[in-house]
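The letters A, B, C and D name the chains in turn, as written, and every chain counts its residues from 1.
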Amino acid sequence: MTGAIKSEPFVINIGPQHPSTHGVFRIRATVDGEKVIDAEMVMGYLHRSMEKLAEERTYTQNIPFTDRTDYLSSMSNNLGYCLAVEKLAGIEVPARGNAIRVIMAELQRLASHCMAIGAFANDTGAWQTPVMWAFREREKILDIFEVTSGARLTCNYMRIGGVAFDLRTPFEPMVRQVLADLPPFIDEMENLLSGNEIFISRTRGIGVLSPEMATNASLSGPMLRGSGIAWDLRKADPYCGYEQYDFAIPIGYRGDSYDRFIVRLEEMRQSVKIVRQALDGLPTGPFRTEVPLALRPPSGEAYARIESPRGELGYYLVSDGGPSPFRFHIRPPSFINLSALKEMTVGGTVADAIVVLGSVDLVVGEIDR
Amino acid sequence: MEETRTGVAAVTRELSGPEAAAFAESAVPGSVARTTDTACYLKPGRLVAALDALKNSREADLVHLTNLCGVDFWDHFEVVYHVQSFDKNQIALFKVEVSDREKPSVPSVVPVFHGAWMQENETYDLFGIRFEGHPNLYRILLWEGYPGWPLRKDFLSMPGGLQPGLGDFAGTTPRSEPTVKVVK
Amino acid sequence: MMPFLASDKWYDLRDLSNISREILEGADRVLPFGIVYVLAALLGFVASFLIFVLPSQLFVGVYGERKLIGRIQSRYGPNRVGPFGLLQPIADAIKLIQKEALTPTRSDRVVMYIAPLFFVAPAVLLFAVIPFGPNMIFADVPVSLMYFLAISSLPVLANFMAGWSANNKYSLFGAIRIVAMTISYETPLVMSLLGAVVIAGTLNLQGMVLWADEYKIWLGFVTPLALVIYFICVSAELNRTPTDIAEAESEIVAGYLTEYSGMKWGLFYGMDIGYAIAASAFAVTVFLGGWTLFGLEQWVPPWLIFIGKTHLFYMLFIWTRGTLPRLRSDQLMAFAWKFLLPLALFNLFIVATERMIWAEEGYPDAYVYLFAMFNILVSILLLFFWADFNGYKPGDTPTRPRLVKEPRGYVPVEEQL
Amino acid sequence: MDGFGVTFAFWVLAAITLISASGVMYSRNLFHAVLFLILTFIGVAGFFVLLSAEFIAMAQVIIYVGAIAVLVLFAVLLTPRASRDNAETRMALPGALLAVCLAAVFLFVIHDTGWKTTAEPPAISTSDLGNALLEIWVLPFLLASVLLTAALIGAIMLTRSAEEEAEDALL
């Protein structure tokens, strides 16, 4: 039969107010029936021009801005920015400061991955249960942040040269409690989702990224590792003394949504391992190098990057010797991870597009900045 | 430098400017404009060819365009490319200078690195640097018709000679409403 | 017919038909001819719908579902309004009633207004043929199973009207999906019920309950495959979660209900639960012995047994809703046509053969138990074999990623780590 | 059986059926026309109930309302122009002609049939119906089944796209 039935494609807006776009992100999808034949990303609803604002403030004043880019992993963002400034100004961080930074960054990764896998399961239609379970664990981690830094979401805890305060009294038992609770929770999620035939059929083979495509599209983090590329900046370019800790890089098989999901689950296990090691070997001593409040780094440039929960978070700073950065550029992982969104969604159905969007784990505050 | 089992450096090697220039020069002769300690400045005309050759060369192996952004130096723009290799665990910094402030334009590297798609759009949106050859260059964060390019240094003209870059601490000088200057 | 009933006095709560008969006979003596039929209809409506369905909807469907799902999700569920949050459904209803029911400007106003009404009417009609007890059946239609199927095929039209009239693309998606899904799942559903009908030899729901009572075995045990297929199909037709593609929240916002608000939405929501309760009642009647409970119905009021069974069956829907992710629409269709339909046909074949053998032997009791054991065994084997044949290979999907210690580029899948 | 109730129900059903049938013709919106058609089907099912043919009535509702009307709705939905416009058609005159012919045939049949009346309603149960279908009329029954299967396969063949055929060729 040559005369297959033709139907007229039409455009639907997925977002900006849609239950599954995790914020004000919008996809203009051209669909033929339920099949997506074109997808155009529309963003900028949350654009606050942080890079311009940062040029008007001192280096220390910029730290709270970094909280508000990726609001699900503020600790990692603080850390990336502080590392960039330290690299620019040549500041050494004491051992205890580094260990606290590692603990905080890994706890933040756990909290962020809890959110990511919960929201991803919700996108596949598991009605709220994985989200609630994940939030239960995330709350405990946020409680630790509250005890340590006084804030739950926008912590503003890292400082140039170390961290803002030393650890408070109930910190260690709380972290031990979380470390005891998390592995059973991860196993539970694995039982609930990884072995679930419906979940597998919804995610396996959906949004496949070949390793060549993942590399070429500048992806990073679990997106890159899901495609089978063993690249983790904590291993490849260790910062904050990550080289002391024993952990492994989980990598996926085919680069589909399912692989990204199991990679995130396994990363949580590895993070638990890192936090345990860091907590056991927590050195004593100063937690911060004193730096002047109005820091004036020598003119020059620095690009520092860390492995944030979403991928490579880079800060590119250019200094002209003044008290504020001459150029402050964020390399936002979830923004650049969207490069391959069109390639992943076109050809699938609308339901697949939602699953792919969930597997990217985007945070709109970071995309729009 | 500590070597591990797979022969990969334990810490990412940041190629210095001359090293990167040597790679670029051997890949595409005559592509390097000048070098500094950290960066290698490429000629805009040879940029795409040089990056393409470096991506495919075995010893450079710069396959992953990590970061692309623009910097405004008042009299000229620089477009910054951080390109890294997974197998060799090294990262190189290439730059392109654009001196034309009226109609700045750089060749697009999207044919080589698909990941430049978003970042070039963002740079175009915030700096107004056109990337020639980009398949779909549009203002990705702001809306079409937004007056001016926000990250240019002359975007804000503040009263009292206060220049962006903080000659003084923010908030100590009384401010009036910033006027938006349209840069054509 | 009902030798076990102690009395036919009106105060005998084990059979509420006595009291309704008293009322109707009394009314018949006073009222002119004909009015008593209207009265009987009203009484039946009040008895079956207002006393059973509405409280079930409110306190099992809304409150119980939210409470149970809350427990599944490790949270409390409603606990603010009234004792233990029991008044929450009523508060919800009051809130819905006072909300503005918006109608989009470019919508088809008349159809959009009629759709909820058209959705409610079949839900009420469905309960006319459900036997609540030995004599407690409102309309004893000889083909009440067919009646139930016929009426339950109507609400999809209301869903379609709702989706089409709102003039919203998401609504249209929902409408298309629900129509495609209902057409697909109607087939295995009817095929599976046919198996039960063949064994029981009747199309009457009361007859099926009496069959279960006579042989002291539930039809669900004799045709377990039919019960499984019925449960899956009916949860698809009811839009319950593993198969709720028509109002898939994360994909098409709310499907055909996207543009509905206020009590118009509330009618859809409430009647969704009403249909689920009807489906549970139907399943209990056909497969799980209805109001009988192995002799206990002599002592406990049969209608209480029936209500208890219905609510327990309804818990299954809540459980799946709290646990399973959602299938994609094309996977759902393929599941109906490629997996369930052959299974249902095979089940029908087995059951028909058994019925032939049974008839040859002159309907001995013992054969039923033999068939039950055989069928349970065959069902389990068949499910596994057929799933395997259709490509269900749980071992093929790795649940853990590969782990590498050193950073490097691409690690081929074939490489041993 | 005969009484005020039955007569009343007959006239109400007749009114519903006729009004909705004319609604099918006069409605400008094709979607509304289909909804009227469904109402007509339900009215006809009501007539079957009045004739004590419950099985036929239920089959009518299941097949015509539950399946065929829904398929028609689907077809309406997939034809973008026609979904809004039940426009004037050039087939009005042939249609009227056909209707007149049909009416003539029906009138002739009604007039020609000798309507016998009995005191009690005929007791035809569902099992009688089943026996008749599978014993006396088994050949027409099977032929109809074969015809429907062929139609089903034909429909599948018509809607297959080139890619699907290519996929199947590989298997």
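The definition used in the following text is that a residue touches a chain if its C-beta (ideal position, glycine included) is under 8 Å from a C-beta of that chain, and two chains touch if they have at least 3 such contacts.
A quick note: this is a predicted structure, and the numbers were derived from the prediction, not measured.
K.L.:
How short can a path of touching chains from chain B to chain D be, counted in steps?
P.N.:
2
K.L.:
Which chain's centre, taken as the mean of its Cα atoms, is farthest from the centre of chain C?
P.N.:
B
K.L.:
Which chain pair racks up the highest number of C-beta contacts?
P.N.:
Maximum number of inter-chain contact pairs occurs for A-C.
K.L.:
What whole-number Å value describes the gap between the mean CA coordinates of chain A and chain C?
P.N.:
From the centre of chain A to the centre of chain C is 43 Å.
K.L.:
Between chain A and chain D, what distance separates the C-alpha centroids? Give it in angstrom.
P.N.:
It comes to 59 Å between the two C-alpha centres.
K.L.:
Between chain A and chain B, what is the gap in Å from one C-alpha centre to the other?
P.N.:
23
K.L.:
With chain centres taken as the means of their Cα atoms, state the distance from chain C to chain D in Å.
P.N.:
The answer is 28 Å.
K.L.:
Which chain A residues reach two or more other chains?
P.N.:
If we look for residues of chain A contacting two or more partner chains, we find 215, 229, 231, 236.
K.L.:
So which stretches of chain B touch two or more other chains?
P.N.:
Residues 8, 63, 86, 89 of chain B touch two or more partner chains.
K.L.:
Give me the residue numbers in chain C that touch at least two other chains, ranges are fine.
P.N.:
406-410
K.L.:
Within the complex, which stretch of chain B touches chain A?
P.N.:
8, 10-12, 38-39, 63-67, 69, 71-72, 80, 82, 86, 89, 93, 113-119, 122, 126, 140-143, 150-151, 155, 164-167, 169-170
K.L.:
For the complex, which residues does chain B have touching chain C?
P.N.:
For chain B paired with chain C, touching residues are 4-6, 8, 63, 86-87, 89.
K.L.:
Over in the complex, which chain C residues touch chain D? Could you list them?
P.N.:
34, 37, 108, 111, 141-143, 146-147, 149-151, 153-154, 156-157, 160-161, 164, 172, 175-176, 179-180, 182-183, 186, 203
K.L.:
Quick one: which bits of chain C touch chain B in the complex? Just the residue numbers, please.
P.N.:
On the chain C side, the touching residues are 406-410.
K.L.:
Any idea which chain A residues touch chain C in the complex?
P.N.:
Those residues of chain A that touch chain C are 10, 12, 18-20, 34, 121-129, 132-133, 136, 190, 192-202, 204, 211, 215, 225, 227-232, 235-236, 248-254, 258-259, 262-263, 266, 349-352, 354.
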